[in-house]
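Chain IDs A, B, C and D follow the sequence of writing; residue 1 opens each chain.
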Amino acid sequence: MANITTLREAVGSLIEDGHTIAMEGFTHLIPFAAGHEVVRQGKRDLTVIRMTPDLIYDQLIGMGCVRKMVFSWGGNPGVGSLHRFRDAVEQGWPHRLEIEERSHADMANAYAAGASNLPFAVLRGYVGSDLPRYNENIRTIECPFTGEQLTATPALRPDVAVVHAQQADRAGNVLMWGIVGVQKEAVLAAKAAIVTVEEIVDELDAAPNAVILPHWVVTAVCKVPHGATPAYAQGYYGRDNAFYRAWDTIARDRDMFQDWMRHHIVEAADFADFRNRLRLSTGGEKVHA
Amino acid sequence: MPDDFTATEMMTVAAARALRDGVSCFVGIGLPSAAANLARATHAPNVALIYESGAIGTKPDVLPLSIGDGELSETADTVVSVPEIFRYWLQGGRIDVGFLGAAQIDKFANINTTIIGDYANPKVRLPGAGGAPEIAASAGEVLITLKHSKRAFVEKLDFVTSVGHLDGGDARARAMLPGRGPAAVITDLGILTPDPETKELTLTHRHPGATVEQAQDATGWALKVAHSVAETPAPTAEELTALRDLNARTAAAHRKSEAA
Amino acid sequence: MANITTLREAVGSLIEDGHTIAMEGFTHLIPFAAGHEVVRQGKRDLTVIRMTPDLIYDQLIGMGCVRKMVFSWGGNPGVGSLHRFRDAVEQGWPHRLEIEERSHADMANAYAAGASNLPFAVLRGYVGSDLPRYNENIRTIECPFTGEQLTATPALRPDVAVVHAQQADRAGNVLMWGIVGVQKEAVLAAKAAIVTVEEIVDELDAAPNAVILPHWVVTAVCKVPHGATPAYAQGYYGRDNAFYRAWDTIARDRDMFQDWMRHHIVEAADFADFRNRLRLSTGGEKVHA
Amino acid sequence: MPDDFTATEMMTVAAARALRDGVSCFVGIGLPSAAANLARATHAPNVALIYESGAIGTKPDVLPLSIGDGELSETADTVVSVPEIFRYWLQGGRIDVGFLGAAQIDKFANINTTIIGDYANPKVRLPGAGGAPEIAASAGEVLITLKHSKRAFVEKLDFVTSVGHLDGGDARARAMLPGRGPAAVITDLGILTPDPETKELTLTHRHPGATVEQAQDATGWALKVAHSVAETPAPTAEELTALRDLNARTAAAHRKSEAA
C-alpha cells in the first residue's frame, strides 16, 4: 500500500499540526530531508520523539515547530551541545519547550512495546537514578512470579514515523542495512510511516534475514538522494563531520541560526536545492541530484 | 621510556590498561572509546567492543566521532537493532565491563550527565542519560574516565543520572542492581578506586608528574587517599605509539571524509 | 570463549541429569545430532523445552530421558502425531510425562524475556482459551498506565541451550541464516550453550545485520555435518520428508521404536555412524562424513 | 465448467476465494496453506503471506510440508525471528487475516486443537495450540477451514484452544479482543458464516452436489441455516488447473527431495 510520492506531498498530507512524530535513525540514516520539509511547511505544536535529537530536532526546535520533545540523549555527537535545544530549555526561546526525558534502554523498549501493540514495556531500568522523579511516566511493576520490582514505561505510539533507508523497490518495499537503530520499531509503532530512500530499484538485492519494511506497513516512500546528509547512508556517503562541527557555530547564535535556516532551508525549493545552497555557501560548486 | 606525553595521553593509557583482555565491553563515546580502542590495539586484542548503536565485536581502525559511525558497523561481527542491544546484550547480562564518561561525579562514583542547576530551571542543560543508567546498573563492572576538576568532582551531584555505589557500603546489593558497579575512576591526575568496605572513592595511583595534593585540590570533597599511593607507570613507547597512530589515523580519516 | 570440541564431550560435560535443556530450531536447523548424543549418554530426568517437540523430543521421551516437557505444538509437521509423546501422555509409557503447555506466542516471548534477563514476559495472549486453567504459570498483569489486563508468563531460563547452525569460524563465532526461529533467544536465555555446525570456516562471509552468535556467548561448538538431518540446513541439504513420514510407522509401535533406536542411535558410535546405519537400513550406500 | 472435482478441491477453492487480494495473511499449515497459496496463484497475486516460522511475504512455488520449509524462507521478502513475528507482526496488529485449521469447532467457531477427552487423562492427545490462540485473537479477521463431520463440529468442545466468538453476541468486544474473529468456516460441504447479531455459525452456501441435510447431519448441533442457501460456484477451470498444478509441483518437489 506504499504510495511512492514526493516528500512535499507525503509531509503535507500525513503530518498535521499537533501530531506526535518520531523521526528516527541512530547516527546513521537520519531523515534530515524530511526534517527540512517539516520546517518548510511550518508545522506547529508537534510532539517530537527521538532517542538522540541531533541536529534534526535542534532545527525543528529553533524554528518553533515543537511543543514537546521526548528524548534520551540531546547532544551534538562528537561536538558538544545542541544550542537550540539548550536555548529552549534554559531560556524558553523561541518558546517554552516541554521535555520528557528517558534513557536509551527505556525508549528502545518503549518503541518495541509500541510495535508490539502493548501499552507498556518492562525493563530493569533507572535504579538509583533521579530521572523517575521528573518523569511520572516511569513507574514500577511487580513480577507476578518472583515479586521483583521492575520498571514499567509507556509504549511509544507516534502518529507518524519518519525514517530514511538505502533502497526501496517499485512496490515500496524498503531495505536498510548497517546500523538500523530503532527504525523498524518506530515504523511499526506508528499509525503512518514516511520513508525517504536513496534510490528506488527494480529489485532489492536483500540478504537472508535482511531488515525489510514490507510495502504494506509503509504509507509513503519518497526518493531523496543524500536525504540523510549530514548524517550518513552506509554504501552511499559518509557522515559530514565538518557540518556537525560547523553547526555548533551556526546554532549558537539566534540570529545566525535564523538567517542560516531561512537562506538554506525555508527558502529552498526542496532538499536538492538545499544541498546546492549549502555547497555554494561553503564555497563549493552547485550539484545536481 | 618516553618522557614526553600529555596528561590526556596518560589518562587514556591508564584507562586502556584497566580493560582486561577477552572481556566484552560496552563503550561510551569520547574518552571511553579512545581508551577501549587503545586497549584493543595493545594488550587486549581479544576484547569484544559493543556500542549502543548495535555494533557487536566492532574493530574500528579509527576512532568514531559518533556512537554510530559507519566504521563501527563495517568492522563489526554483526549489527543488531538498538532494542536488541539493550535487551539481550546489556540487560541480558552479557556485558563484562561498561566504560563511561561523566560531567559530574560524587565520592561514591554516582554520575550526572543531565543538568547543572535545578531540573526545572537549569543553569546548563547537558545531553542527558543516553545508555548510561542501564550500563551503570547492568554491566558486570564499570570503568569511568573523566578529567579531574572541582567542577566535575562534587560533594553533591545536581542530578543523579546513573548509579555508582549509591550512598556506599552494600547499597548496590540492597538495591538488587545486577552489576558490581564502578571498579575504577581514571582521571588525568590519577586513579581512584572504591574502598572495599565503604565504597568511597580512594586515590590509589597518581600519574607521573601529578601529586596527591593536586588531586585533592581538584576534588570537591575531602578526597580519601590510600595509605600508599603508587605512581602510575608512564605510558610505554608501544602504548604512546599506538595511541598517537590511532589519533593520527582518526584525524586523517575525518579530514578525508570532510574533503570528499 | 567457545570451546571447539566433539559433541560427545560437549554433551557429556555440559548436560547433567535433572537439567533443564532447550533444543531449538524451528523446522529448520533442528539439532538432531545433539539429541541422539543425549540418548546415547542416557541422560535422565530432564526438563526439555521446545516450541515444537518434533521427532527430536519424541525420541528423548520414548527413551525415557524426559521428566517434564514445556512446549506449544507437539505434532509431526505435515504428517500427524508424535506417537511417543502421545503414548507418554495417554498411557504413561515409558513413564508418566509431566507437561507444561503454552502457545507459540507465549514461548517466543518467554525466551525473549529470558534472553533479556527479565523474570517474566508480557503479551496479549490466551483470551478465551482454556490453556490458563491448566497452567498456573499463565497469569495476568495490569498495565500501570491504562489498567488493561495482559498476560504474564515466566521467562524461560534453561540450564543448557542446544542449537544447530550453518557455520562457525575458528574462534567459535556462529552464523546462521534462513529461518532462525528462537535460536538466538534460547542461547542468550541459557546458562550454557552447545552449538553444532555444518562446517567450521576460516572466515564467516556474513551479510550486514546477519544472525551471529559471538564466540563469547557460546560454550561449545561442535562440527557435525548433516547434524540437523532429517530436518534441513538451508544452503546445505533439504528436509528429509520421507523420514518424517517413516517415523510415523517407526514410532507408532513401542517395540519397533525401541529396536530402531537401539540399532540406529544407541549402538551408533556417533552421528556419522547413525547416518551410515540409516542409509544401510533404508537400502542406500554407506556415506562418508 | 469442469464438472469433475473432489470435495477437498471444492473446499480448497472456496477457502482460497475467501481471501481478498492485497491483504496480509498469517497462514496455518495444511489446508489453510494450500488455500492461501491457491489464492495467490489465482485472484489474489498481491496477498502477503506470513508464516509463524518468521517468513514474511513468502511466495512458495510448492506447498510447504512444514511451517518452516526452506521454500518459504528462500522465496520470502525477509525472514524474521519467531519472537518478532509474534510480537511486531501478529500482536502488533499488522495481520489482516488469520487462516486456521482445527480438530474441533463449536457453533461460535471456537476451536480445539489440544485434547479429546479430559486434559489430565486424555483420550487423544492432539498437537496443541501452536500459534492459533493469538492468531485467533489478534488477526483482523479469521478464516477457518476443516472437513465437516460430527466428530469435528461439536456442541461442546472438549477444550477451547483458541477463541472464535466465545459465547456469541458481542462477547469478543467485551473481552477486548483486538480482532473481529472468525468471518467464515469453509468445509467440504459448504460455507458457514457467523450471524451478524448472535454470531452463531449459519450455513450460507452449500457446495455443488452437497445438500443442506448433509451439512446438518455432519454437524453435532442443530445447525442454523440461512433463509436462502446459495450454491457455491463450482471451481473454474483456471482454479482447478492452478490447484492441481500446485499439488503436482508439490508432489514432484517432495519426491525429488526424498530421492536426493
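To be clear about the criterion, a contact is a pair of C-beta atoms (placed from the backbone, for glycine too) under 8 Å apart; a residue touches a chain by one contact, two chains touch by 3 or more.
Keep in mind that this is a model prediction, so the values were computed, not measured.
Novice: More C-beta pairs touching across which pair, A-B or A-D?
Specialist: More contacting C-beta pairs are found at A-B.
Novice: How big is the gap, in whole Å, between where the Cα atoms of chain A centre and where those of chain B centre?
Specialist: Measuring from centre to centre gives 28 Å for this pair.
Novice: I'd like to verify one number: the distance from the centre of chain A to the centre of chain C, where each centre is the average of its C-alpha atoms, in whole angstrom.
Specialist: Chain centres of chain A and chain C, defined by C-alpha means, are spaced 41 Å apart.
Novice: Pull out every residue in chain A that's touching 2 or more other chains.
Specialist: Touching at least two other chains: 112, 117-118, 123-124, 148, 178, 180, 184-185, 208-211, 234.
Novice: Among the residues of chain D, which are close enough to touch at least two other chains?
Specialist: Residue numbers touching two or more other chains: 73, 79, 87, 91, 138, 178.
Novice: Which of line, ring, star, complete or other matches the graph of chains that touch?
Specialist: other
Novice: Run through the chains and report each pair that touches.
Specialist: A-B, A-C, A-D, B-C, C-D
Novice: Considering only the defined contacts, which chain B positions touch chain C in the complex?
Specialist: 22, 24, 48, 56-57, 73, 77-80, 87-88, 91-94, 138, 178
Novice: List the residues on chain D that touch chain C in their complex, please.
Specialist: Spelled out, the residues of chain D in touch with chain C are 29-30, 52-55, 64-70, 72-74, 79, 81-83, 85-87, 90-91, 110, 114, 119, 122-134, 137-138, 159-163, 166, 175-178, 254, 257-258, 260.
Novice: Give the list of chain A residues in touch with chain B in this complex.
Specialist: Within the complex, chain A touches chain B at residues 26-28, 51-52, 71-75, 77-78, 81-82, 85-86, 89-90, 101-105, 108-109, 111-112, 123-131, 134, 148, 178-182, 184-185, 232, 234, 237-242, 244.
Novice: Going by the contact rule set out above, which residues of chain A touch chain D in the complex?
Specialist: That would be residues 1, 112, 115-118, 173, 184-185, 188, 206, 208-212, 214, 216-217 of chain A.
Novice: Quick one: which bits of chain A touch chain C in the complex? Just the residue numbers, please.
Specialist: Per the touch definition, chain A meets chain C at residues 117-120, 122-124, 137, 139-141, 143-146, 148, 150, 152, 154, 177-178, 180, 207-211, 234.
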